[in-house]
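The following pair of complexes shares a single chain, chain A, combined with chain B in the former and chain C in the latter.
The block that comes next holds the complex of A and B.
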């Protein structure tokens, strides 16, 4: 094959470079800039090397937040992924029921984050909230504002309520893409319901599940508004997740140096975990 | 192993059918004998696949019954009918190995593993898949996938029947021929009833002992390839089978003859009597290009016609001519003289068929 060398083609890529530079690289570089300097004002700044990073890495408050963050993300993944698949499998596929189900399932996704927090804050209250009152009525001394366990459960429940629909919709679209003939062949082969799920539906869902797992991991790892509105990170620090610690540090205490270092570490953790998820799932598909 | 009977079967996809044209399958009675190799031949959209899906139970017929060995199976699901079906596009279970794919239909009903193994190896051997057994089905080529699909039907040697829905569409031409031979061998070896849906007459006649030709939701003729060729029971069979198809023209019934334009056509006394008796004044006549007699020169028995053109197809030639303005074709063998300008042809009575309302009129002396 004869390849035509034409370096002018680079000019065509230029707009993309410009957009990516302004939207991603330059802002990120600003953070890098802050993370290695101590800046008092534009004229007064000192290079501090990795000092902020060391400080951030040894901060026990942040360790706690990181641990809580991981527990939270894995908990909601463990609930939302199987639950989303189950919901998608149960959704009707034909007629008016299908449209109705789609609308009902999509509703939580349309609600802004802090509104979700407010909804659950009221919903969970023992005096005026239906959920809180019902729990109390069942004889459970439910109080998310004072009991860390209850606060945790409420945050998890809220996230599951808010985001399982996303997984369900992704899976629903994946399931719709399976040709009818696969189900027919399975019936001819006398496959059980479980075998149909295990060998036809699940394999065909792998691609949408990769997207689902990555999106849900990234989003839950960055969760901020909902627990902030619901519990404010409490009681104590029991529901303080990473972003909230970061916001407190950057805006509350105005420690921009450590906050910048923290941001970078935060970003790298998300990147690394996503990479691990992606490679694991892709490897599961490969020929043994 | 079963004889499959379709009893006054009909199917429509609409809720309120208004006429026969709303039916994908028009009422039919048909029997597929146990152990036969059958083809269901017809153009796209004639209801072949619908009929197949009704037999396997994927579709429930709106009228009539399906009987396996005389027992009504309408209410049985495909799983319970013990029937195998191979679809047009290969269906494999991607995440399983070829071995597991072939073993799947057996394991689903709890066949012991040692029997599964021997059966899978036997079928893999026949389909030449032995080397691929340990591979994941995902990475296979289209024709290997289709072989796996077929294999899943063949491992079950106790099935009532194996139904094939245009299984070789995605396969390369050379391999097609080979696989068709394979199917035929398997049929002879296991003596399972096989119904093979196709729109390719060559495929149908190489595979099947008897062919059912379907047209607009009906089986218009059921017979051996030879019967379909020599004695088409319906004008559609004449047109669809053979290449080129049968020549048709409208003829008038006069007191003493059948007439087309100024030409008198051969017809037996019995035929004329029959037509008169039933008050039929117009008939469609059909003759295959292979049976049109082309004379060397002018002849008392021959009609003079204008030659349009001649197509050379290698081992034979197709002569196109105009007979009272109607284009017809005749087949010339390789050594036959090619007429130019004028040709002299005749229609042997034995091969000139008479159709009324598209159906063959047969009168026996």
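The block that comes next holds the complex of A and C.
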């Protein structure tokens, strides 16, 4: 395979490179610098080597937060991806109904994170919230503020409500991009509804699903505002995820060194998981 | 640059990363990399192997810091050995 190489194109990428350098690379370098020092003020700082990393990685609170984070991310992926595909398949494709459905589905995406938290905080309350009152009405003693299981259920439900539309919209656009001839061929072969989905729609959705899975994984792995507003990480630490532990450390206690070390470990975990996802999905495509 | 609170070890770290990237670019121009399959379960280019190498080296360092009392230089030496092994046969 001979590729024509034209390196002049790289100059066109320079502005992006400059922006990324200022917004990501230089701050990241600063975080690395902070992670090996104990900084009291700009003049008073001591090199501590890998001490913060050792402290952060042997901290059992952070192990708990990491475990909860993974459970949370995989739970919402397992729900949102199939649900998003199902919603996209059911959405009308023509006429006024199609536009209406698009708008309705997109509404949760327009709501800011902390507002979503507030909405669900009220929605889930037993005394004034519809959801909480309904659950109590069914005879379930539902209270997300005191029962860890209920807190988890509410946080997961909230994320599913907020972000399934994203997956649905991605899949919807993916489905619209499938040429009609595929469906005609399927009709000629008398393919079942399931066969059409399995052999036409799903393979054609792979690319948007890659984006969907990656976006949802990264976003849910960094989730902060919604559980912070909804449960404040409680009851106890049952819904304290990684970013909340990080913020408590960095801003609450102003331990910049450990917080920087923690950020780097966090970053490496996200990098590794995303790489694994990306490579797996890309290789699945190659095999076809 | 004072606000970035540089230290000698981190400066050396970033300098070496920078040099590696420059070196890899030069190498790529001199002899473009071809995807191939080594002991890794996937086809990789030179850049892929570098990324895998750097990421796994980071984890090797973290594991040494978290689980052992050995000096960090041991992890660095091991990482360099692992990376050269990976770049050649990965």
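Observations on the structure shown:
Here, the second predicted complex is superposed on the first by the 270 of 288 C-alpha atoms of A that agree within 3 Å, B and C clash if a C-alpha of one lies under 4 Å from a C-alpha of the other, contacts with A are read in each partner's own complex, and residues count from 1 in each chain.
In this section, a contact is a pair of C-beta atoms (placed from the backbone, for glycine too) under 8 Å apart; a residue touches a chain by one contact, two chains touch by 3 or more.
Since we're looking at a predicted model, the values are computed, not measured.
Considering which of chain B and chain C touches more of chain A, the answer is C.
Using the contact criterion defined above for the overlaid structures, shared-chain residue A:58 touches chain C, although it does not reach chain B. Applying the stated contact rule after C-alpha superposition, one finds that A:39 touches chain C and leaves chain B untouched.
Contacts of A:218 after superposition: neither chain B nor chain C is touched.
With both structures placed on the common chain, the touch criterion links A:102 to neither chain B nor chain C.
Of the two partner chains, chain B is the only one that A:185 touches; chain C does not reach it.
In the superposition on chain A, A:283 makes contact with chain C only, while chain B stays out of contact range.
With both structures placed on the common chain, the touch criterion links A:66 to neither chain B nor chain C.
Chain contact summary for the complex, chain A toward chain C: residues 5, 26, 29-30, 32-34, 36-37, 39, 42, 45, 47, 49-50, 53-54, 57-58, 265, 268, 271-272, 275, 279, 283, 286. By the touch criterion given at the top, residues 53, 56, 58, 77-79, 83-85, 87-89, 91, 93-96, 104-105, 108-109, 135-136, 138-139, 149, 152-153 of chain B touch chain A in their complex. On chain C, the positions that touch chain A within their shared complex are 2-7, 9-10, 13-14, 32, 42-43, 51, 55, 58-59, 62, 65-66, 72.
Interface of chain A with chain B (complex): residues 179, 181-182, 184-185, 187-192, 195, 199-200, 203-204, 285, 287-288.
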